Every structure is written in C-alpha cells, then in structure tokens.
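What follows is a single structure, and I will ask about it in a moment.
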C-alpha cells in the first residue's frame, strides 16, 4: 500500500538504472532464450519502431527534471527524488503538465516528447466564435484532442457538445489535483461522438471549494462519475440528484485522491472508530 | 382513533414503509448472485421491483491512489486485479496507454501475441459470465462446462506467462515472454475444441423454453438509454448499436483481422446472451487468423528501462470483454504517474441496473445483474 | 369409560360454537373474527356429521356445502381485509365504521 | 413366533385391513426406516449423478467413492450447533420442521409397495395422500414466517402459493386416473391398492390407457409433482440465486436436516403416487404379453440380478482404485460393500424371499426412475420465474388437466353414448 | 378394545379441539391463532373419521387445513400486523359479549338436557355398512338429490372468486 | 410454417435436447476433477511460485550481488536486501535477505530485474502455512528452496 513507501524510505530508482537500456529480457531460463536473443539488451538500435521518438531514451532522466511538480509538495506520498533540483516554478505552468503553455515557455528546448499542437477544426472555430476567450485552449496531444475552457462556461460548452456537436457519449468524468496551483483541480470530461468517431477531452480548472454545475441532465452516466469525483476529490456538483460518497464508507473523512491526503492516519482512525481494532497495517 | 398514536410511538417506522405493501429487501453484499460484494437495496411491491439502489465500494482498494505511488512498470501487475476474470485485457489497456504516452509502439509480433491472448481472455471472461449467468437463472450445469473449457485458456496463459488468473502478461513496449514452443498449435487446438463445446452450451440454453422465457424481454435497454448511460460493450451492442472499439478505433493489430461485430435487436437479456456467444465465436476466428499470420521479429519495442514519459496526458481505451476500458494517465515526467484514472466498464454499466430492473421481478434482478457481467473488483477498484 | 354417544359430539360442537361466538363478539382483529366464524361453521359441521351417523348421509353432504361456503366466505372476507388494510392500515373492526373511504 | 410370522405373511392382506396393530406398527417402522435409508441413498446418488452430469466426480473422500458421505453429513448436522434466531417465534420455529417431516412421512401410510406391503389400505387413499401432503405447506409457511426475516418469508410465500396452485392440476390429473378405475366395474375406487388392481384387471397401465389421454394426465401430474416438491426447474422457493435458501435460510443443523428429509420423502411420496396411479404400482412390466410361468420365473430373478450387477460394479471399482497404500482401507471397504450387495442378491434368490420381494422390487425400480428424472431435470434446466411458474400452472396444466378429465370421462362413456345414439337413431 | 379406544380418542380430540379453539380467540398474534385453528380443524377431521365420514374428513383436511387456512396465513403475512399485536386485543363490550355467549351456552345446555331422549344413545348399526363406499354414496347424493344446491354452491364459489380478485386487486 | 415450431414446443424438443447433453456427459471418464493430493496439476515451466535464491552450484556461494534491483522493482516493496562490502574480495555480500511471501503477488518483476539469475520464482505452489510468521523468508530459507509442509497427523 502507498503508505509503505514512506515507512521503508525506498531508494529512488534513478541511480541504479542504466540510462536508456531498454527492458528486454526473456524468461531467463529455458523458453525465453529465443526472445532474449532477438532483443538483447545491448543491441537497442535496430529494433526501434518507427514511431518511437529518436534519442528520447537518452534524455529522459534529465528531461524529467524540468517538470517535477510534486517534488516540492511535501505531502505527496511519492518517494522524493533527491537528486533533482526543482525548477523554480514560473507562474503556474510547471504544475500544469497538460497545459500547452508550459511547453512553449519551457527553458529546456529539448525534443523530449511530442508537444501539444493547436487543434484546428470547425468545431473549435464555432466554439471560439461564440465563447471567445472562454475557450482557453484547443490542442491535440499525441493525436488526442482537448479543449481547456473556463469553469464558468463549461456547462454551456458541454451542453453544446452534446446537443449541437453530437458528442452523445460521456466516457468519463474525472479530476486531477495540483495542490501548488491556485486553481487546484482540473476537471476532465472525456467525450465521444459516435457520429464523428472522435474523442474530445474538455477540461476546466477550478479552485478548491468552487462548485461546478452537474452534467447529469446532459448525460445520465455522469451521476456515478460525478459522485466518484466528489468521493475522491471533494468537488461538489450543483444540482446533482444524489451527491454522496460512492466507493468509500459514508462516514469517511477527507478525499483520498487529493495529493495532500494523509493515508495512514485516516486509515487508522477509521478502522479504530468503526471496527474497534487497531489498524492491521 | 386515539389508539393509533400509541403504536406509532412504539414503532419507529421507516419512511419507505409508508406504503404498507412496499418491502425493502437488502440483497447482498453477501448474496449468492451478486457476483461478489455488491449490495443492492431493492424496494419491492410484493415481488415487483419499484426501485433499486446500489451500494458499492466493499472491494475498494484505491487502485488509482496506489498508481500514484508506483512506477509505471510497478503498477502493471495491479491492473490485473481490477477485472480479475479478464486480467489480460486490463494489462493490454494499461500498457498501450503508457506506450502512447511514450510514443512507442509494440512490434508486430508482440501485437499479434497480444491480440491472441486478449481474445483468449475475452473467451475466458465470457465463459465465466455464461457460467455464472446461467447459474443465476438456475441452470447449474453450464457453469461446469464453461469452467472446463476456460481451464484450457488458463493453461495457455500459464504456459505463456506463468500465471493463470492475474497474468501480468504484457509489459510496456511489448511482451516480455516469447511465444512458447507449441503456442500456435495450442491456440488452434483450443479453437477447434471450443467451438463444438459452444454449440453444446447453446443446446442447453439457447432454445430452452425456460431460458428464453427468463431472458426475453427482461432488462431491456434501448440504444438511447445505453448511450445516455454510457453503457458499452456487449450490452450496448445487444441494443443494436454496432460499436466496437476494435473496429471504431482499431488498436494493436485488429485492423489486420476479419471479424464481425455481432449486434442484437431488442437489447434484452436474451440478445445480450446471443451477442456474447457470437463474440466468443468471433474471438476464436480472430485467434485463428492471428495465429496463422503470426509474424516473426522482436517482441519488445525500445523503451527505456526507467520509464519517464514526457509531461502530458493521454486517454486510451480498449474494448475489454465488458466494454470500454479506458486509462487516463497524467504524467509529470517523473517515474511515477501523476494521476491514473481508470474508466471501468463494469462501474459505468452497473449504473444502468436501476433503469433495467424497474417494474421487473426479484428473479429478474438476478438475471439482469448477471447479464451486465460486472466484476466487483473493477467496479470498486 | 362410557360409550360415546351423539350427545358427546353435540356438546363438543356446542362448546366450539360458543367459543366462536365469544371470539366474534369480543375480538377487534378482523382476521381473528373471520377465524372465529370458521370455528362456528366447524361446530355446525360437527353437528351435521354426528347427525348423519344417525340419520343417513344428508348431514355429510350438508357439511360439504358448509365447507364450500366457508371457502367462499374466507376468500371474500380476506379480500375485503386486504382492500381495507391497504387504505387504512389497520384491521381493527372498531375502526371499520365507514362504508366508504 | 416363526409360525406367527409365517401365518401372517400368508394372509395376503395389509395389516391395516386385518386390524393387526402389531404388524401395523412393524410396517410403520419399516416404512420409516426404509424411507430414511432411501433418502440417504438419494442424497448420495443425487450428488454422484449430478456431479457426473456436470463432469465432476462428486464426493470421493468419505468412504469409497463417497459412500459414507451421507452418514458423515448426517452426523455433522446432528452435532452442529442448534441456532434459533433471536427474533424468531421460538415455538413456531421449533415446530415447523416437525410438521413438515411428519406430513411427509404420514403420506407413506397408504403407499402400497406390494399387494400386502402397505401399512393400510384406505378407501380414500389418494385423497388422504393429497390432503396430508397439502399440510406440508403449513410447515413451510410456519418456517418462513417464524424466521422473522425477509428471504425466508418470501420463500415461504412463494412456496405456498406454488404448492397450492399446483395441487389443483395434480388433483385433476389424479381424478382422471381414478375415473379410469371405474371403467370395468362401474364403481371407481380411491384406494391405492384398488387402483393398482384395477390396472391389473384392465391389463394395462393407466399411462397407456386411452392413449394419449392417460399419458397426458400422467404428464400433467409429472410436471405438477416436480413443482409440488419444489424441485428444479420449479425450485423458486429455495432458489439460491434469488432467495439464498428460501424458507429454511435461518435453519441449521438438525432442524435443517429435517427439512432435507421432508423434501426428499415428499419426492418419494409423489413419485409413489405417480407409480401407483399410472405405472402399475408393484406390477412387473408386461404381465400379459410376457405371461406364463417361464416368464414369471425369469422376472423373479431380476431383483437378485440387479444386486449382482451392483456388486460387480463395486468389484470393478476396487480394481480401478489407485494402488496406493492410503487407499487400502477404501478398497477393502468397497470390496466389502460389494460382497454385502452380492450376499443380498443371493438371499433374494431364495424362492420364498424372492416371491415376497417381487412387488417391492418393481415398485422401487419405478420410483427410482422418477428420482433419476428429478436429478436429471435439476442438472439441465434453468429456473422458472414466479409469474411464469404460475402461468404454467394455471394456463397450461390446469386447462390440460381439465380437458383430459372431460375427455377421459367421455371416452369412458363411449359404449353407453354410442348405445344411446344408436338407440335414438333407430 | 374399541370400548377403550373410542372414548380415549374422543376425549383426546375433544380436549385438543376446545383448547386450541380457546387459543384461537385469545392469542395476540394472529399467526398463532391461525395455527391453533388448524389444530382444531385437524381434531375435527379426526372426529369425522371416528364418525365414519372419511370423505368429509379428507375434504376437511384438503380444503380447510390445506386451502383456507393457507389463505388466512397468507393474508396475515401480507397485512403487516406487527403494530396490532401491541394493541389491546379485545373491544370495549367484551364482558357483555362473553356473558351473552355464555347465556347462549346455557340455553344449549338446557335444550340438550331436555331433549336428550330425542337422540338414541347408541349409533344405528345400519349405517356402519356404508363406510366402505362412503365417498361414492356422497357422490350419488351430491349429483342426485342435491344437484341444484351443488350447482348453486359452484356459482357461489365463482362469485366469491371474482369478488375476491376484484377486491384485492390494487387497480383493475 | 408455424406448425413445426408448435409441434416442437408441444413435444418438448428444446428440453429434450438439453437433457441429451447432460445425459451423455455421465460416464465417469468425462469427469475432469483432479483428485488433488494424488493427482497433481501440471505446472508449466514459466509458472511463478515460491521464490528461491540460487547459489553457485560449484562453490556454493550465493549468486546475489546485493545490487538491490529486485527490491527496487518490487511493487509491494517486500524484498529487503542488506549487504556490505567485503574488503577482502571487494564484493558486496549479503547481510540479510528477506522476502515476505504473504504480501507477494507473484508478478515476476523481481525475477526480471535480477541481473544474475539469483532470485528465481520456482514452480512450487504449496505455500500454505500454519502461521503468518513463516511467510517471511530469510536468506537461508530462500536458499533451501521450497519445503512443502506435510499435513500428516
């Protein structure tokens, strides 16, 4: 469980890993022999598939330094990577990995991965013409399209997507927590259109405590998905028919998928109160 | 009358009991046919269901939180534990999502092996579904036949990757295990042996009047409801929507294969049954094609030993046996995912239960839960 | 022991009849009142069958008619009770004082 | 003493008819013991046959091929803790299994295992069986209600509704069989022995009488009896996937085993009715076709032969046992069991015994056929839903039963009718 | 033997019948009352057997104990009577009612006492021969002399069925 | 046209078809039950079961070079390897090596990470124990390899 990472103080994997060596090993004994012959660790170059980014593997460790949003977050439960100096955050961008701006403003101009490209489509122009700057960004990343919109108009945009643009299937609703940012939460609506066979992610950013309007009226499926977001992040949705915890017990305190959630204490307290025993951990 | 107030004080009445003929039945979490630890609170009028409420989360393990504390490779075994009857599919979806994030693609041979195993896994998952669904409706024997044949699939899994249930078969960037000696023959032999067995299941069930009566017209979901509720997989296809991610947005090497997407007409339990049976046939067809066309070559793409995807986020989904299984991964260029969101088909499909069972009888609730083919490990994660 | 005569059966039947009457007159629960009526009918039946032992099978035929009647009475009576309970949530006879609800 | 036994055995009546209290008691005890043993056998056979249908082996550990499994289970149930739910109605909870078991056993009073092998011969035998077995519903209602829990209550409501409605179809089928008894003598009979004797005198089993009417009546009864005993595919009251275990969810240990006993003896009882009414009771097959002393002789060897076959199967089993030291006891046990069966077979060869046993043998074989059907159904069919079950009962079986009844009556009156019609025409 | 057995069974059944009949009208819980009533009915069936009326006994068991009482139990379980058990079970005029009923009992006792001579002390032997075809005799009576009442009874049952269904159905 | 289905329905063809299937599976030779302690399942080569630490068969030295890769690879962090450098041989040697089988999910990542084939997941699957303590294997136990518990009386 996650809390063990804190207890045992694990060593960061970086120092011991030979940079750039691809993972390729057979079973070792016996039947994997053929495999290991074909993809031996040393001969890496011949097997690079055409789509893989050249030289990416060599740069990965250093490139990672540029954006380490959680490194400075003490409450996060990840094993800290001591070797890395956290890049001084300029504004809010390093903490927003999904946003397009950081990529442009990044001081390290290494080709460390694909960059979001502007998404030009009629849909975007239509939306932009109506909502203007409310549509903050429309990009594609790795061929996946997304819109970043202002939280005040997200409901209208979603409604429009459903009604006019035929995005009739709401795949998922989820959130991402960036504790360092002012608008702490990214809410992500993943939409799909059977008509266009196309996926679009609609994202918006809200502050902690800010409320969003529910989309249950647009897609029924949002009911449980929003409940789960509420359960895990504590984001409340106005007008939701039955906003209560879904996966966790009703009396649970805190919102576990927030980065600043102390897992161990919560667990022990809940177990102690509800089961009357000390935590098994 | 004045006496009435006396017993009202004594009797702390539940609001739901206000109508005298209404009964609240608590089905589960320990009930033989809730497929795990699902708890359904049924509001009944006699045996007629007026409404349901699902209480889930008994199996919640915080997979998404675990992911934030594991490296990408370390998290791979955990996804097997979500939908544990279709572990291979889970692994495939996860590996593909991370590969997408890394802009890597598995080599063709790996893709073929992945397809073979995933389709085998689809057969295995559908067999578990068929067995338990038939058991819910009262036919106890198909369960054993299904598990007998599933055993052959598990044997192939065990031979291939050393584990039967939670396989951990794929790695990010391809497969780690080369196909063992006789893999192709095993798969073909399985397909040859399996299809006649499938006909046998059908003899037991498809035309059986009790089965037909129990399933026809039960738990109808029309296409509009399906889409509004985000229901995917065989349930969606049974209502007549011909949508399968393997065709709609082909991943791996599915575009190389010739197969059909079975669809139903009425969206009732019987159609879902037929769709899944036909899906098993199509899966066997895919396996045969894949085995025949299994290319030579490497099975692992070039991926760094320490996986550090660039900053970015990606949503990738595959057609798992139960529906659209999606992974939304946010990377912050560290070795650990910043956030992984799993879009579980069972969780979303389960939401349709209430709509499906209203006005039906208690026995139909069991049939409908069975036909939704939920796995609580995936619902609760 | 003395010989058991018709009188013995009649006494038992009379006792059952009186018990049934008391039940009908004193209980508040309609279901139990109906059951007391069944008791009365059975007392009658016992008389009929006991007499049939003396004077031929007419008594038994009548007993069968009485049982038929009891079945009909129970069906209708219980139907009324269910209908009433659904509306008033009580089966107390002293609250059944309206002919409409 | 021996003289007394001999003397009684040669009387050729049932002890009830003879008014012989001592022999009646003996017979009652024999019936109770016999039914209990049959239930134990049935328990083992059901597990084994069902397992083999489901490509399993079934019990294999307790005794050779799990032969002692029923005894082990019975022992376990006896020494299991006796749990009465806290909010249960103690008295009713306590008495429900007793009622169920008693009614199930009481029905066997009138079952004729042979011409003389019945406790008594009542002139309302069939009615008696119907009536007493309908009392079993009370026990089930009591069990479900007194458990004070939702699942048992729903189970018992389902069960009683089901039993009450299928009793009607069952009664109609029985009446058409009773009607057939009146064809030759003009006066029918409700006595179980009388019905079998009517079949004997009409030289046919009622299942073949007025084909297809007799068969239809039998079919109605055969379906209704499965529903009446709450067995698959009509096992809704104890549908484990819906109601956990139905009316006996809260029962455990000895009380539960009483329900088990009652269920299986009820199955035996209704099968006995079916055998008596339609399959010629204790009569051996083809008494007229294959008549004569030679055939009688040949048929008289069959009981012994059956036991010899069983013994041979046991010995075959010992040969096929794994040759491992741990299995020596099991092998020896199986061999002993085979020897025992062979010995019984030998005893059955003794003419005096053989003659007395013929009736019972054929009766038991016929009942065993029904028992196999029960298991076979259970292994094959899904379960009906409640409304469908009611539909089958009221919309299919009841009209069929009524139609068969009317048709049988008309067919039986055919001579008189034709005479009347010709009379009118002339 | 009969001289001992008959009185024994008579008194046994009589006591059972009367005790359980008293239980019917005194039990708080309607289910207990219904179960007691079943005991009474079974005791009466025993009486019928003793009176050589096996068919009536069988009908009593099949119809009364197996049919009507199951219906009663059904209804008791259907209407949730939990709260009624806690209430006062008897109505206000119960003393008057009891006295009236007991007066009726006195009347009956008086009638029996005075009319004792009407009933012969021993059963006629002539009907003993009938016991074998009791069922048949009843059938003959029912379809012969009592044909019209029999049909009327069937009609009554039909009306009762329709009435019960109409009344118990929520919406028609 | 509609007669055939009706006749089939009356003659219960659908039910008899099902009955036939179950009937013909009855011979005991069809049974697939494994009588477990006597018949053992076939374990395939790649099976991942009880862990074992391999040692050099010639010298008897442990193959483990205390690189800690397995401990790093383990998702459950149940491997703890402590070693110190032996000044004589200039090699790291194992001081303590523990493996908590009770938490292991047999994903095989440690085995894959091991650079010297020292750690191996064997094909032994009989790991039931009477106490939880025995689940934490130390170096000695790991090198001994699996020891199936005898459940004799």
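When the chains are written out, they are named A, B, C, D, E and F in that same order, and each has its own residue count from 1.
The working rule: a contact is a pair of C-beta atoms (placed from the backbone, for glycine too) under 8 Å apart; a residue touches a chain by one contact, two chains touch by 3 or more.
Values in this document were obtained by computation on a predicted structure and should not be read as measured data.
Taking the mean of all protein Cα atoms as the centre, the chain whose own Cα mean lies nearest is B. Averaging Cα atoms per chain gives one point for each, and the point farthest from that of chain C is the centre of A. Between chain A and chain D, the centres computed from C-alpha atoms are 67 Å apart.
The centroid of the Cα atoms in chain C and the matching centroid in chain E are 6 Å apart.
Distance between chain centres (mean CA atoms), chain C to chain F: 73 Å.
Centre-to-centre separation of chain B and chain C, using mean CA positions: 61 Å. Listed for chain C are residues 85-86, 90, 92, 94, each touching two or more other chains. Among the residues of chain D, those in touch with two or more other chains are 53-56, 379-381. Across the assembly, chain F contributes 15, 18, 21-22, 32, 45-46, 112 as residues in contact with two or more other chains. Chain A contributes residues 1-2, 5, 13-14, 17-27, 31-32, 34-35, 38-39, 44-45, 47-53, 56-57, 60-61, 63-64, 66-71, 76-79, 81, 97-98, 102-103, 112-114, 116, 141-142, 144, 168-172, 174, 176-177, 188, 190, 194, 197, 199, 201, 219-221, 223-225, 228, 232, 245-249, 256-257, 259, 263 to its touches with chain B in the complex.
Considering their complex, residues 15, 18-19, 21-23, 25-28, 30-33, 35, 38 of chain F touch chain D.
Within the complex formed with chain F, the chain D residues making contact are 49, 51-57, 60, 322, 324, 376, 379-381.
Residues of chain B that touch chain A in their complex: 56-57, 60, 62, 64-66, 68-69, 71, 73, 100-107, 162, 171-173, 176-178, 180-181, 225, 227-231, 241, 243, 248-249, 297-306, 308-315, 317, 324, 326, 328, 330-336, 338-339, 341, 343, 347-348, 350-351, 380-381. Residues 3-4, 6-8, 10, 14, 17-18, 21-22, 24-25, 27, 30, 33-34, 37, 40-41, 44, 47-48, 51-53, 55-56, 59-60, 63-64, 67-68, 71-72, 74-76, 78-79, 81, 84, 87-94, 97-98, 100-102, 104-105, 108-109, 112, 116, 119-124, 127, 130, 134, 137-138, 141-142, 146, 149-150, 153, 156-157, 159-161, 163-168, 170 of chain E are the ones touching chain C in the complex.
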